[in-house]
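Before anything else, here is the set of structures, which you'll find just below.
Shared between the two complexes below is chain A, which has chain B as its partner in the first and chain C in the second.
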Partner chain A sequence: MRRPSLAVWKLTSCDGCQLTLLDCEDELLDIADAVEIRHFPEATRRDLPGPFDVSLVEGSISTPAEAERIRRIREESGVLVAIGACATAGGYQALRNGADLEAFQRIVYPRPEAIRSLDRVSPVAAHVEVDYELHGCPIDRRALLGLLSALLNGRRPDLPAGSVCAECKQRGVNCLLVLGRAPCLGPVTRAGCGALCPAYDRGCYGCAGPAESARPEAIVPVLRRRGHGDAAIRRLLRGCTTAAPGRDSEGADDDA
Partner chain B sequence: MTHRGPVDRLITAGEISRVEGEGALRLRVADGRVTEAELHLYEPPRYFEALLVGRGHAEPPDITARICGICPVAYQMSSCQAIEDACGVQVPEEIWALRRLLYCGEWIESHALHIYLLHAPDFLGLPDAVELARADRALVERGLALKQAGNEVMEVVGGRAIHPVNVRLGGFHRLPSAEELARLERLLRPALDRALQTVEWASRLDFPDYECDHALLAMSAPDGYPMERGHLVTDSLQEFPASAWNDFVESRQVPHSTALQAFLQGRRYLSGPLARYSLNQAKLSPLARQAARAAGLGSRCVNPFQSMLVRAVEVVYAIEEALRILETYRPPRRPYTDVPARAGEGHGVTEAPRGILYHRYRIDRDGRIGQAQIVAPTAQNQAAIEEDLRRLAGGWLDLDDAALTAECERAIRNYDPCISCAAHFLDVRRTGPEHG
Partner chain C sequence: MRTHRPAPAVIDRNGLDQLVKLLIADGRTVIGPVERDGAIVLDEIESGAELPDGVGAETGPGRYRLHRRADRAVFNHAAGPQSWKRFVHPVRQRVDAPEEPRPLAFIGVRPCDLAALSVLDGVFGAAPHPDRRYQARRDRAFVVAVDCVEPGATCFCASAGTGPAATGGYDLVLTERVEGGHRFLVSAGTVEGEEVLERLTRRNATREEAAEADRALRGAAESMERSLPATDLRALLARSRRSERWQEIADRCLACANCTMVCPTCFCTTVEDVTDLRGGRAERWRRWDSCFDPDFSYTAGGTVRTSVASRYRQWMSHKLGTWHDQFGTSGCVGCGRCIAWCPAGIDITAEAAALAREEEPR
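Moving on, here comes the complex of A and B:
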């Protein structure tokens, strides 16, 4: 039987989500036997043309060339999976959306005119149809394994639903919000990490993006009532998922 | 085979593989000699220094970790140190020990990744570690087990291996439990044997005969091999503190491109395993020194191809060091020291697996970041990589284009470049397969 083909792509990102695949130390060699890796520059010199049964895409779209590239990737891919906060919600780099790009370039580069960036950083789904998304910064290793295993076996992947808050209850962690120990975005953040941060005695900072049907802003009055200042709340909400679908208005226009 | 002589050749490799991030190679040959050797970093910029302006003074450890998925701990350690410096806060030794333990985890993981998955295939003429595993599965499994040991350290101390959640200014959100640390110790004991086997295996590889003549810059610490703190030292034994970084290291634009490259008092220089080893070999543990000696390393090593051997020795050291910290561990009284914001400027410098990582922050009166400066290892090594390419490629001109390209890529991999790191401020050159 022909092995399904896999491609791993990188756009604007830190490499951490594709490293998650290489971090599957116990499973990596079995995965490499089960699929034919045709494109994965971080791991192999071999570079074979498409089409690809499955493409994993890390990173957001921040340059004109990337906007072109993601369309080509889509055309060549059977199933396209966006992995991580950059690919699904823009990443930290999306914090520049709405800011003065030229001013940003002047801060970083002595010759800003040589840099080509799009005005806005956007997730993959803003450009092409995405079949599945894995959220988080970085993605969770077990979630990645679950997804690959489902796709290889022709099943629909079972992706996490609900909020970090619910996972926290399941894990039996005392509520940091109720105890007043830390501001926490758990109630409005997508599940999948197993409430990692609260288990480490820190508030969730929202790296998996808004939970389905949750409005992140709904947490604002809750945090205010617990005595957290507006500037700190605003900064907490302006993490690595500001370009998540439905949060477009939030990227800009404040000084935090 | 192409021939030497007046024929001009232009070699370009679009996407260098088995490196972190996106880079390309450009080599021009005229009249039988290499006239241009450039490593193009075309990774799109992410403007981190600009994004940090206006953020709270406690945020850089979480935000800058995201510059690099391979060495997030380095970013967390350099940024914590710089901000604590700005705020005038001293952190207790027990916290420093836990930080060093966490950093050992990153060294083990990153070095094992590079040795086995990224670099080893070059020495065996294979495209990747998957093919290597088909030839010698036990070898790759040993590498993966080592890598996993590093990840375990980061998971226990940092909460997760990539972008750890447990680091904060002044220390950690929560301290690891005695059971967690005991489990870690049990996991690390077999890893030490694997690391020693790695040095022995790597010593039998065929290393091209080549010595670079770059200046060297590394850190130096009073006790032990440099990692999470210390001052800087050059190969001419000049020493300076992190706060003097900008007096010694200059980021400048080179005439043939718009890329910033770092120079040490005007000289091209090397940072990373070779520089660290050559300036600190005596501070390795006896076992690591003995392994290095048995592998044929002297007190100094400036053959970039042998960087793999030095990385393997550093893995031995990092595992031993992690075990030493675990054995002598005394929990701090509190998981962290408070770091109230104070207006001022602070500097932080640490040894990331692939070289020095410098951070500088200015904190405004309202407790926000007013200015941020980050100098990543690959930005420092870029000029050295290009000089190596220029010299080495001159000896490879008899090779056909594909073979010459492969050799050049291999020379680039000697430095374990992390382009995702470098390109947060390095410019994009105009000749690449695509530009940001």
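Moving on, here comes the complex of A and C:
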């Protein structure tokens, strides 16, 4: 039987999610056995042409070239999976949406006229059809392995839609909000990380983006009542998922 | 109201340690309250010294704080974030392989939680399809109950008819007394409990000691701040299906599922299949689920309960209403956990009262 082929792509991103795949040390040999890796610049210089049975795409669409590239990737891919906050919700770079892009470019680059950027940073799903999404910054190793084994075995992947709180309680972590220990976005954030941050006594900062059908703004009165100021709340909500579908993308204007 | 059981015995604080030791020696995994990360949680203990020592809990809607007490009370801290359900109905459990759970012993089960275990018995233990995994844990569990002499501010067991005194469903029951010497009145509820009691260093309670404990429990019932409206809740919930209150609640509710996770009777699960990468191994696991999860009502074609209002309505209607139709009891035992551990501070007693108020003639 022919091994399914895998490609791992990078758009505007930090490589952290791809690294999660390399981080699967115990399973890496099994993965290499189970699939033929045809494109994965982070891991191998070998670069084979498509089509690809499965493509994992990291990164947001930030440039005209990427908008073009993602269409080509889509055409060459059987199953396309967007991985990480950038690919699913814009990433931190989406904080420039609504802000003054030219001003940023002038500050950062010696020759800003050489930069070709799109006006807005957007997630992969804003450009092409995406089959599955893995959320988080970075994605969770077990979630990635779960997705790959489901795809390899012809199963529908079991992807979470509910909130981090459910995982928090199941893990036996005492609620930071209720104990007054930290502001936490867990109630409106998508599960999947296993309540990683609360387990280390840190409030969830929402890296997995809104839970399905959650209203992120519903957390605002909850945090206000616990004495958190509006500026702090705004900063907390302006993390790496501001370009998630359904969220009013807020720019990094005043207090960035 | 006379709660006190015939001729209770009395053990001191060392007697509690002795009890834990004895249950462990009998081959049981002993679970009890322990202080951890700012709350009283339930966990395996290896000695009675791990039990709370002079810790109290102050609770309110969306609020829980521990404080040091002036005494060395062990059991005065209601509505912690966990319940005994996680030991009889584990968070995640493999269901396609045999298992041999060790016999358990629960120390410090409150009256509301005794009622919750009995509610779960109705869910999992009843014919014609008892859940054998549940039964294997539950039937062999040795239960040491404790009366609630100091209910928390979020408790409403008196109006739920489950407390604050234990009325059955235990092997042993303790009433903790801190004034006039730290000690526990103990009575047995089963033959097995009697056998364990006989092995403890103890004395007989005086008549005045038993009467004083009764008074304390009566006082506890009367001091309870919260209650469910005194009406046929099942009928109220059925009539309230189209109430505007549900949307009003949904404006505050985060759909975070905390209420269902902490509720000692919420029992819903989903099943997941896992395989390894090569497809050579497959396992089937069952894990806790919640009616607040968007996937909970996912059927062919999509999610049925898309709005938060419909999910909260489902939850509350099941707890207080349709549970009666399904299992012949209420699904709410009045423990108050869902009130304390809701980040938004939504209070099931206040919402029930609001629904009842809507019906009053204006």
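Keep this in mind: the second predicted complex is superposed on the first by the 247 of 256 C-alpha atoms of A that agree within 3 Å, B and C clash if a C-alpha of one lies under 4 Å from a C-alpha of the other, contacts with A are read in each partner's own complex, and residues count from 1 in each chain.
The rule is short, and it goes like this: a residue touches a chain if its C-beta (ideal position, glycine included) is under 8 Å from a C-beta of that chain, and two chains touch if they have at least 3 such contacts.
Not measured: the values here are computed from a predicted model.
Colleague: Looking at the combined model built on chain A, do chain B and chain C fit side by side or clash?
Modeller: fit
Colleague: When the two structures are overlaid on chain A, which partner does A:Cys137 contact: first (chain B), second (chain C), both, or neither?
Modeller: Once the two structures are laid over each other on A, A:Cys137 reaches chain B alone.
Colleague: Check the residue A:Pro183 against both partner chains and state whether it touches chain B (first), chain C (second), both, or neither.
Modeller: Neither partner.
Colleague: If you stack the two complexes on chain A, which partner ends up touching A:Asp201: first (chain B), second (chain C), both, or neither?
Modeller: After superposing on A, A:Asp201 lies in contact with both chain B and chain C.
Colleague: Applying the touch criterion given at the start, work out whether A:Gly90 contacts chain B, chain C, both or neither, answering first, second, both or neither.
Modeller: Neither partner.
Colleague: In the overlay, answer first, second, both or neither for which of chain B and chain C A:Pro210 touches.
Modeller: neither
Colleague: Would you sort A:Asn153 into first (chain B), second (chain C), both or neither based on which partner it touches?
Modeller: After superposing on A, A:Asn153 lies in contact with chain C but is clear of chain B.
Colleague: Residues of chain A touched: more by chain B or chain C?
Modeller: B
Colleague: One more residue to check, A:Cys14. First (chain B), second (chain C), both or neither?
Modeller: After superposing on A, A:Cys14 lies in contact with chain B but is clear of chain C.
Colleague: Scan A:Val222 for contacts with chain B and chain C and give back first, second, both or neither.
Modeller: second
Colleague: In the superposition on the shared chain, how near does any CA atom of chain B get to one of chain C? Answer in angstrom.
Modeller: Result, nearest C-alpha distance in the overlay: 11 Å.
Colleague: Across the two complexes, what residues of chain A are contacted by chain B and by chain C?
Modeller: In chain A, residues 201 are touched by chain B and also by chain C.
Colleague: Can you tell me which positions in chain A touch chain C when the two form their complex?
Modeller: 27, 30-31, 33-34, 145-146, 148-150, 152-153, 155, 158, 160-163, 165-166, 169-170, 172-175, 177-181, 184, 186-188, 201, 211-215, 218-219, 221-222, 225
Colleague: For chain B, which residues are in contact with chain A within the complex?
Modeller: Of all residues in chain B, those touching chain A are 15-22, 43-51, 53-56, 59, 62-63, 66-70, 72, 113, 117-118, 121, 127-130, 133, 137, 140-141, 144-145, 147-148, 151, 159-163, 165-166, 168, 173-174, 253, 258, 260, 335, 406, 409, 418, 420, 424-425, 427-428, 430, 434-436.
Colleague: Can you check the complex and tell me which residues of chain A touch chain B?
Modeller: Residues in contact with chain B: 10-20, 22-23, 25-26, 28-29, 32, 37, 41-47, 62-63, 65-66, 69, 91-93, 95-96, 99, 103-105, 107-111, 114-117, 137-138, 196-197, 199-202, 205, 207, 231-232, 235, 240, 255-256.
Colleague: Mind pulling up the chain C residues that touch chain A in the complex?
Modeller: 36-39, 41, 62-65, 81-82, 86, 91-92, 251-258, 261-262, 272-279, 287-288, 290, 292-295, 303, 306, 308, 340-341, 343-345
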